[in-house]
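There are two complexes below, and they share chain A, which is joined by chain B in the first and by chain C in the second.
Moving on, here comes the complex of A and B:
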């Protein structure tokens, strides 16, 4: 399918969707205002949260706070997950020792850690960072590990024959060779991080996009629910886009990344 | 990698060492009181609680009863996701216009975490069965749709040409050419969907539900009963693993029957 046709179809669909939305809510009232907001109600909610604020802050405050938590949990997960993945990819003993523990922890979905995190760290930021870390940690370990395992033996043997010191080996051979897989892991981690954060904020928090959703649900305020959902979508899209820019920059040498 | 592969004995020895270290640190932290016992029970304490909950009710039901009500919602959500997602995916793979219209919508919805549907789910379908089912649906639907769509799009063109030459209609082409050819892709999608659906169920039960394992965990959290929270985590982990094993087995069975794997 050609790109032009795709883009054109995208705009047409969007226009159709907006018309459909007007039609069902404002013009005919088939969908009642208590179930789904009309475009006007949505706009009013958006203006309200942008200017006067809602659920304890303006939209920018909530969005920024969520973004900060995701970034922090994500970075901690990458900073711990990638080295661990490199290590167990490299050392068969480390793999054998860590694998059983990993097999026990892995089937527990990140969302199931939320009650424990709240019990341990309360409703503040620390608990959110902990669950995001858990959610993003596993994909980054697994993908880094598989990335290391794809390196061809001759490369490793050549480096060893030349007596490359360990730190140079990790930085100049192991990490670049595993980089494409590391980025695959990061993309999965990022998605997991957003899902987990929204869930954690819905369970309990003071500021954040999830709080907007939660308060709007309690107030039975469909316009604000829609604002919250769209904010989650926009933030998810923006961070994914940012990560793909970084990936293109870092992996410029890799043809596979230029698909 | 570094050196030769380990022998079976070495693998087991290192594995045991890792497990003992993990459980040792956990037990030491708990017994020494470095972390208050109330917040970190010993591994044995958690297992005892697990066994206890098999027969003693907590938050209105025993663990098996909570699991049963979780499974009931889970199965409804999954069935709905498969029954809507797979046919829609096949239709999108066949009718170009439908693809053009729906693809941009799903492309946009992809970025909204399924759990963000909770407020609308609660508003539209309540917090009993309908709300959680919709969240599971939101989590499990995309892989069902996408894999059926991809399967249908990448069917060998010769098969389609052959069937068109014979004058096969739309419905029959979809049912008798696209569907069978996409089965491997659809089954793979269902397995991914099962995992995501299970995740979403846990999330939904933490937020809106009056029964189920997730609900039990939230109640335990409110009562500061750490062993019960951990029991819930273990139960969710084991159940999720069983679902995955079962589906992997089913997938292998289907692929083997179709002669795709020797």
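Moving on, here comes the complex of A and C:
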């Protein structure tokens, strides 16, 4: 399918869903307003939060705060996860030393860190960033690790025979050679960051999309719940798109080589 | 500068003997080709000189110094080129020079001259995937040559190229080694290639690889003045060439026959 047809098909599905939504709520009333908002109710909620605000702020304030938390957690996860992945990927000894610890920590759900994060860092943003960091950390480490392990040996040998010193080897050979997998890891990390955000914000937050969802649930306000959910969806989509643009630019050599 | 010496070198891979008592001396600026049946360990010989493998026993030395690790004094040209796909042609060639801490203008001068030597001037800013196989191998050779290595190790460098490109590259290598002679250890399974390029041809047995015979080509080449011809096919038509080629061929065929028994 060509690009245009794909985009058209995507919009068609979306339009169909909206019609279905109208059908179930406004037109037939099969789904009652108390369970799921009609498009009109959703629109009113959206207008309300964008103009007068809800749960302690306007939509922009909530969205921006959530975006900040995700960005911080994500960046800290990348900054720690990628180097660790490179290290244990390159050094068998480092892998042997770190892997057992990693295998035990890995199955702990990120949300299980929330109590500890609050004990350590209180109810502020730092605890939430820590939880997002832990969630986003694991995919970065694992994918960077396998990116390094799948580098073909001659590439490493070529760098060695050219007398490449270690730090230059890491930056100019190891990292770019593992870059396609590193970006895969970053995409998964970003998803994990958004997935964890709302749960992290449910505890003791003052603003954020998670707060909107929490308050809307207490208010039994389906329209606002939907606004909160779709806000996360749109923000997640936008940041993923941004990351894919960066990937496209950084990996231009790889994308072109594959064509 | 640039002599290579194999001293009773043995190599065992996981209980299987790959090399059996290899003894070989390659003089400075001498071009030696190793031919042998596939799996005989000829590439292992090169990888030991490169420092990628260590011998199980025996010593390989370059300039009388025992080889322990890879280094830019022994530049390698791989069969699959192995350029860094994220670096341009210029950056690929530059890496080794930067590692040797050459100044910027000196690097620029060396890169330009090696690009010129290999007819790559207009591809300096291209990425490897934009070049044909022959072009990529030219870049790999340029990357090795620019370091002015004492020893050039070539592991079936033209094996992945099509027949026509291969011939052009062989002629180019002959031209290059006249302009700028180097100690070369050249691995190939092509008898013609070995006899055409090398000063001496070492013939190996099937596994465990031993050196069966070392054949002098240079004396014949000089006596018969092969150098008066530019093209490989003219050299290959000479009786002296055919005679040497047939000799190597028969020697290898004996190995193949033993293989079948």
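Note that the second predicted complex is superposed on the first by the 243 of 259 C-alpha atoms of A that agree within 3 Å, B and C clash if a C-alpha of one lies under 4 Å from a C-alpha of the other, contacts with A are read in each partner's own complex, and residues count from 1 in each chain.
The criterion applied here is as follows: contacts are C-beta pairs under 8 Å (C-beta built on N, C-alpha and C of every residue); 3 or more make two chains touch, one makes a residue touch a chain.
These figures come from a predicted structure and were not determined experimentally.
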{"item": "Three-chain arrangement built on chain A, chain B and chain C clash or fit", "value": "fit"}
{"item": "Partner chain in contact with A:43 - chain B first, chain C second, else both or neither", "value": "neither"}
{"item": "Which superposed partner A:96 touches (first chain B, second chain C, both, neither)", "value": "first"}
{"item": "Which of chain B and chain C A:20 touches, first, second, both or neither", "value": "neither"}
{"item": "Which superposed partner A:173 touches (first chain B, second chain C, both, neither)", "value": "second"}
{"item": "Greater residue coverage of chain A in the superposed arrangement, chain B or chain C", "value": "B"}
{"item": "Chain B versus chain C as contact partner of A:203, first or second or both or neither", "value": "first"}
{"item": "Which of chain B and chain C A:253 touches, first, second, both or neither", "value": "second"}
{"item": "Least Cα gap, in Å, left between chain B and chain C after the two complexes are fitted on chain A", "value": "10"}
{"item": "Of all residues in chain C, those that touch chain A in their complex", "value": "50-52, 69-72, 74-76, 78, 80, 82-87, 95-96, 98-100, 127-130, 143, 147"}
{"item": "Sites on chain B touched by chain A in the complex", "value": "1-3, 5-6, 10-11, 13-19, 21-22, 39, 100-105, 107-109, 111-120, 122-124, 198-199, 202-203, 206-207, 214, 217-218, 220-221, 224, 226, 229-230, 232-234, 236-238, 240-241, 244"}
{"item": "Residues of chain A defined as touching chain B within the complex", "value": "5-6, 9-10, 12-14, 16-17, 35-36, 89-93, 96-101, 104, 107-116, 118-120, 148-149, 156, 191, 194-195, 198-199, 202-203, 213-214, 216-217, 220, 222, 225, 228-230, 232-234, 236-237, 240"}
{"item": "Contact set on chain A toward chain C in their complex", "value": "152, 154-155, 157-165, 168, 172-173, 176-177, 179, 253-254, 256-257"}
